[in-house]
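Alright, structures below, take your time with them.
First subunit A sits with subunit B, and in the next complex the same chain sits with subunit C.
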Partner chain A sequence: MKSVPMLSGAFLQPAGQSLPDPLLAVRNERAAALADMPMPTRKTENWKYSSKYLKLTEDMAATLPATEKASSLDVPGYRIVLNNGAINRADSQYPDQGGITVQHFSDLDADDASSLAQKLGSTLDAEQTQFAQINSARFEDGLLIRLAANTVLDKPLFILHETAATQNGSAFPRIFVEAGTNSEMTLVEAYVSEGDSAALVDTVTEFQLADGANITSIRLTMEGETVQHIGATGVLQQRNSRFESHCVGFGGPLRRHDLQVRLEGEGAETKLNGVVVTQGKQHYDNHTSIDHVAAHCNSEETYRNIAADQSHAVFNGRIHIHQDAQKSNADMNNKNLLLSNGAEIDTKPELEIYADDVKCAHGATIGQLDETSVFYLVSRGIGRRQANVLLTMAFINELVEQIPVEAVRDTAQARLNDFFDQTFQEA
Partner chain B sequence: MLSIKNLHASVEGKEILKGINLEIKAGEVHAIMGPNGSGKSTLSQVLAGNDAFEVTSGEVTLNGDNLLDLETEERAREGIFLAFQYPVEIPGVSNLQFLRTAVNAMRKHRGEEEMNAAEFMKLAKEVSKQVDLDPAFLKRGVNEGFSGGEKKRNEIMQALLLQPKLAILDETDSGLDIDALQVVSNGVNALRAEDRAILMVTHYQRLLNHIVPDYVHVLAGGRIVKSGGRELALELEEKGYGWLGIKDEDTSN
Partner chain C sequence: MATTDKEVKELIKREYEHGFVTEIESDTFEPGLNEDVIRRLSEIKQEPEFMLEWRLKAYRRWLEMDEPEWAHVDFPKVDYDAISYYSAPKKKEDMPQSLDDVDPELLRTYEKLGIPLHERAKLAGVAVDAVFDSVSVATTFKEPLEKAGVIFCPISEAVQKYPELVKKYLGSVVPAGDNYFAALNSAVFSDGSFVYIPKGVRCPMELSTYFRINAANTGQFERTLIIAEEGSYVSYLEGCTAPMRDENQLHAAVVELVALDDAQIKYSTVQNWYPGDENGKGGIYNFVTKRGACIGKNSKISWTQVETGSAITWKYPSCVLRGENSVGEFYSVALTHNYQQADTGTKMIHLGKNTRSTIISKGISAGRSSNAYRGLVKFGPGAEGARNFTQCDSLLIGDRCGAHTFPYIESKNKSAIVEHEATTSKVSDEQMFLCRQRGIDPEQAVSMIVNGFCKEVFKELPMEFAVEAGKLLEVSLEGSVG
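Entry: the complex of A and B
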């Protein structure tokens, strides 16, 4: 019998030791627990469609160095630049408003560090997020963002994840956000890269929302063709809190995002929007999971995938309504557009409902551009290429327009235009 | 302007047009009438370039140029306009974006400067008044949630914006109440010009009370079986298609 490939021990060896003891303890504990972790294969349920894209070689295990290179992105608002997961103080502009603290894990005092150590990873289902566990064994530093009660951040906070794939290696960015009672913030994470060596970005962002907190999370994934990206976002929501997520993802050799939301307090609301486009031989896999734990919570999820050429997109959306979560209202919708016969999209809604008085709707479709619509547009003199672009954009327009930060909409649109240029050739 | 000679066309291997001959000159308004299934809509679609229909023989020229060699978008840029019997709904593309893209594609083809958003908005608002459409519709998706009458008025609005050489109106009167029919007819009459031809395809005579044609042709079994002046339409209304030896399941109107 063929043996199951194991994760190389090299992927569990952090480079630096410059963290407070409680956090070093977290890392060591995780590394020990993962010592015999099998690599996902197509028989691993949550990696079924994506394991073949995962190509980790031992020469990618080392942490990529902190380059301290200034970010190429120009953003309006507060910004923190991470080079290969390491915080670039000089190129960052920390929020100067009262009520918000942004601390580096490496700077935390013993009390804060041990309090964080208790919470780190608590927002995620460990079994479903194997690579978040690897991040927990490997993070070299991280950002702890805390909003005091009633603090409303006046501008979006951008976190710019810059990966310099100028040599083979990995980056393990880690972010933990604690939003106090009735606090509000928009956090934008943008992932970009330069260089063409083989790199792994294994990133984890966690949110804890106290009663009435209101957090908008925006995520743009647009690294290059040699970067494998595996991200996990965990969200815990208390009473009457609101979480809104906008993810825009561009395909790559391997792209994976797990988004897990637990609605733990009554009246909590979550809204998850996602757009993915893939072309060439690219891949993108979104796994989302919403746990309705408490009663009277709402969730609304809308994901759109567009796959061109021989690319492959995956959507797996799980909704779990727990026994006590009466009067839950859940709506999940996934629509998919195939732009070529060679492209593949797999979509899998998963509903588990244990309460009897709930409203739960879900729908998934896969289709192609409508020939009648194309004919209508070209019969008005519009070129076939432009007609294809208009109709493809129409498929995701609504979601792009809902992104509440103009600079992000513009960046996403510019990248989408590149995608259209490469996908639809001039006739 | 438009010359159709011995045009044969089929869809999915079934021959629908079996030798159409038709000459249309600039400034003329022609009506093609005929029972359901006679090939009226097929003729419209073939002229506009829908490749679901295969032209098996014959020729069509527009001002001497072979129309059948051109792609749909090229035909449109050369001045062919088809008002659809069933205009398509396209959520996610606003009417404004659609109309401006189309107008600018035409302008670019003619070597004119493209219109910016503000210039176009002004023009679009003026034209929307002409067909009695609330300018608020410009912000909505193309035909999205429009009533049948609104869709038809939007078609005529497009014709007014694009100023074609030959406007083909496919059952533009179907599904319209009397008021909407009046609005649409006024729009079409505003299109009438010395350098423009109009080809109306219709099952019923009533549209021709509002838009008076110069010529009327009866299409049956994929051929034009009778041509005449305006009076032919009235005769058809009175006698139905039966007196021409044509069967029609639906002559009650």
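Entry: the complex of A and C
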């Protein structure tokens, strides 16, 4: 048997000790549990297609320093800026509306901290999210966002994750959202970076939705070419709650997002949309899992990947219908567009079903732009390049259009236009 | 539903029809596996030196390997040293030359299985190479096949008679170190069928083998090798039943198919080995590696399987589509009941230009069983214009069973097109109501609905198999509705 490389102990050494004791205890406990964690390899099922992109060197283990640099992004709503995972109070604009509290982990009193320590990580399947566990062992601070019952946030809350890769290092942002009964909020997370040193962004966002809560989560991943990004989002949904997710991802040296939703209360509903675009030698891996634990829940999932040049896009969707989850409806759809012969797409839409009175379906396709459609457009006087752009955009437009915040749509569209410019040359 | 409950209970109690033991003296090895056992096995079979070398190499590879754990099945670890690796009916010296010479006890066994060997062979025009435990005892219809130039014989005979063919193709599709069970099989395979169809020959009849695991605690490791030369055609049927045993029995077979230019191989399986009783006790472990290589241009390999037996099935008949325009097909019905577990599917590896594959998989789970489809569709960079269509449907009967789908799809060629669809449903109340309203009893109604669900696959089976498959499904489903 070949020896498996282990995670370097350096990745389990947090820099600061400024957290309340219960949270420090969580950190220490996770660090101890991870002491002999093997690094994912091709043989690790959930890293099968992506382990070769994971390049962690010892000098990337240190936490990147908080820069306090103001964000360049202008957003129409409340905003909280995280520089390398550290909260930049000066540049943030906290919600001033009643019913919502945004607290830093480091400011929590003993009671709040121990109650959070109980819940932290509970939305994620530890075995499937190794890097979320590393985050649990490393986070220096975090955001606890609480919505009181019946609170409806009037503007979207933006969380701007700014990574300054001016030296090698890592960032471990952590966010925990508790949405009270019938509360409503739109949360936007945008990941950007500057600098060209090797960095790791290992981020975890958790949502707990009480009965009837309605959360829309938007995630825009567009860091630079030297930043490896591994994110996990965990969602727990109670009765009649609704969760909607829109993920737009642009490729990088390693991009990974694990999205895990558990429908624990009857009548809960979830909708997951995702768009991924990769070019050059980029990579992007989306792993989603939806657990139908309670009966009468609905889930709908649509992911589209576009891979150009020599890039590599991966999708793995899993729907698990538990034994008591009768009358579940689950629909998963993954379509992929391969724009070049050097590119690769791997997809694995899984169903695991233990209840009989359910409606489940999944579909997956991989293909190129339809020649007859291109011909149709070209024969009507549209240039070949323009025809390619139109058809490629049409492939994902349905999902881009559904993003409920215009500013995010515009940002995504601008990046997509850059992608089209670089991918489709004038004939 | 009181009456049906009663019916169900009665039906559940029905014992496995094919559960009986033939009392024949067996010449059996002591349990355990080491290089000496392999040497003895090879010696008894009077194999040439290269075979022994090949076996030993496979054994050494096997020792270094770990039992795979990725399949969606759960079973106690197999103790490979508690298995006997050779069991042959005695009277080796005077092996039967014709059916009349065959031990009447053996023939009666086949009779009970519903294979009246001579009758069936004559009437149906099927040549049966029946494997009874490890040595082929009777082969019928050899002569007409020989006239056509077709070689159809036990593989142990082929090793001696046609060593150059065996040397060239054995392990060429499934290498000895391919996986844990294939390595084990390569080391200790006892017997199996060898088929060679020469250039341009259309095999005059459907070839058929019935496997049967008889003696207790003997693993059965058959090895099948089918070679279809340029422009030839063969249809091969394989059916399996095993007597009732309390201890789990291991079955690790390897099947290799080679199709050269314009050749076609159609391989059909009906597998109804003992699935264990209603408490999940006993049953066969069926860990099989089946793979076909479409080496030649325009070649075609088609797998059709109906799997209703075995406690655990671990089986992925695959096609490696290397030749230009070659075609791979996989049609499968897998039914699990009680505590049966199945993890089955296919792999379609597209390497050549314009290769095409179709996958139709129907999984039916009842009782407390678990039924998983696991498939891989892969397009290499050279698979220009390749095409795949996959459809896997699951049907659940009862609320304590599981149906799973794990399809892997990998593409490295932009012009390749793959479409995958999967659905899960149950026998709907509306369908049942419609049938009941017309005076059809629930048992029959379910059987009808399930047969309809599987129609696409059954139509691919050779005639006599299709009838048997339909009947098998009916028997296997008994007691699953109420």
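We adopt the following convention: the second predicted complex is superposed on the first by the 426 of 427 C-alpha atoms of A that agree within 3 Å, B and C clash if a C-alpha of one lies under 4 Å from a C-alpha of the other, contacts with A are read in each partner's own complex, and residues count from 1 in each chain.
By definition in this document, a contact is a pair of C-beta atoms (placed from the backbone, for glycine too) under 8 Å apart; a residue touches a chain by one contact, two chains touch by 3 or more.
Because the structure is a prediction, the values reported are computed rather than measured.
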| item | value |
| --- | --- |
| Superposition on subunit A - do subunit B and subunit C clash or fit | fit |
| Which of subunit B and subunit C A:391 touches, first, second, both or neither | first |
| Which of subunit B and subunit C A:323 touches, first, second, both or neither | second |
| First, second, both or neither for A:36, with subunit B first and subunit C second | neither |
| First (subunit B), second (subunit C), both or neither touched by A:380 | first |
| Partner chain(s) touched by A:127 [first = subunit B, second = subunit C, both, neither] | neither |
| First, second, both or neither for A:341, with subunit B first and subunit C second | second |
| First, second, both or neither for A:355, with subunit B first and subunit C second | second |
| Dominant contact partner of subunit A by residue count, subunit C or subunit B | C |
| Subunit C versus subunit B - closest C-alpha approach in the superposed model, Å | 15 |
| Footprint overlap on subunit A, comparing subunit B with subunit C | none |
| Residues of subunit A touching subunit C in the complex | 1, 45, 49, 323, 326, 336, 338-368 |
| Contacting residues of subunit A [partner subunit B, same complex] | 370-373, 375-384, 386, 390-391, 393-398, 427 |
| Subunit C to subunit A touching residues, read off their complex | 64, 66, 70, 379, 381, 394, 396-426 |
| Touch list for subunit B against partner subunit A, complex | 48-50, 52, 71-73, 75-77, 81-82, 84, 87-88, 90-93, 97-98, 101-102, 105-106, 109, 141, 158, 162 |
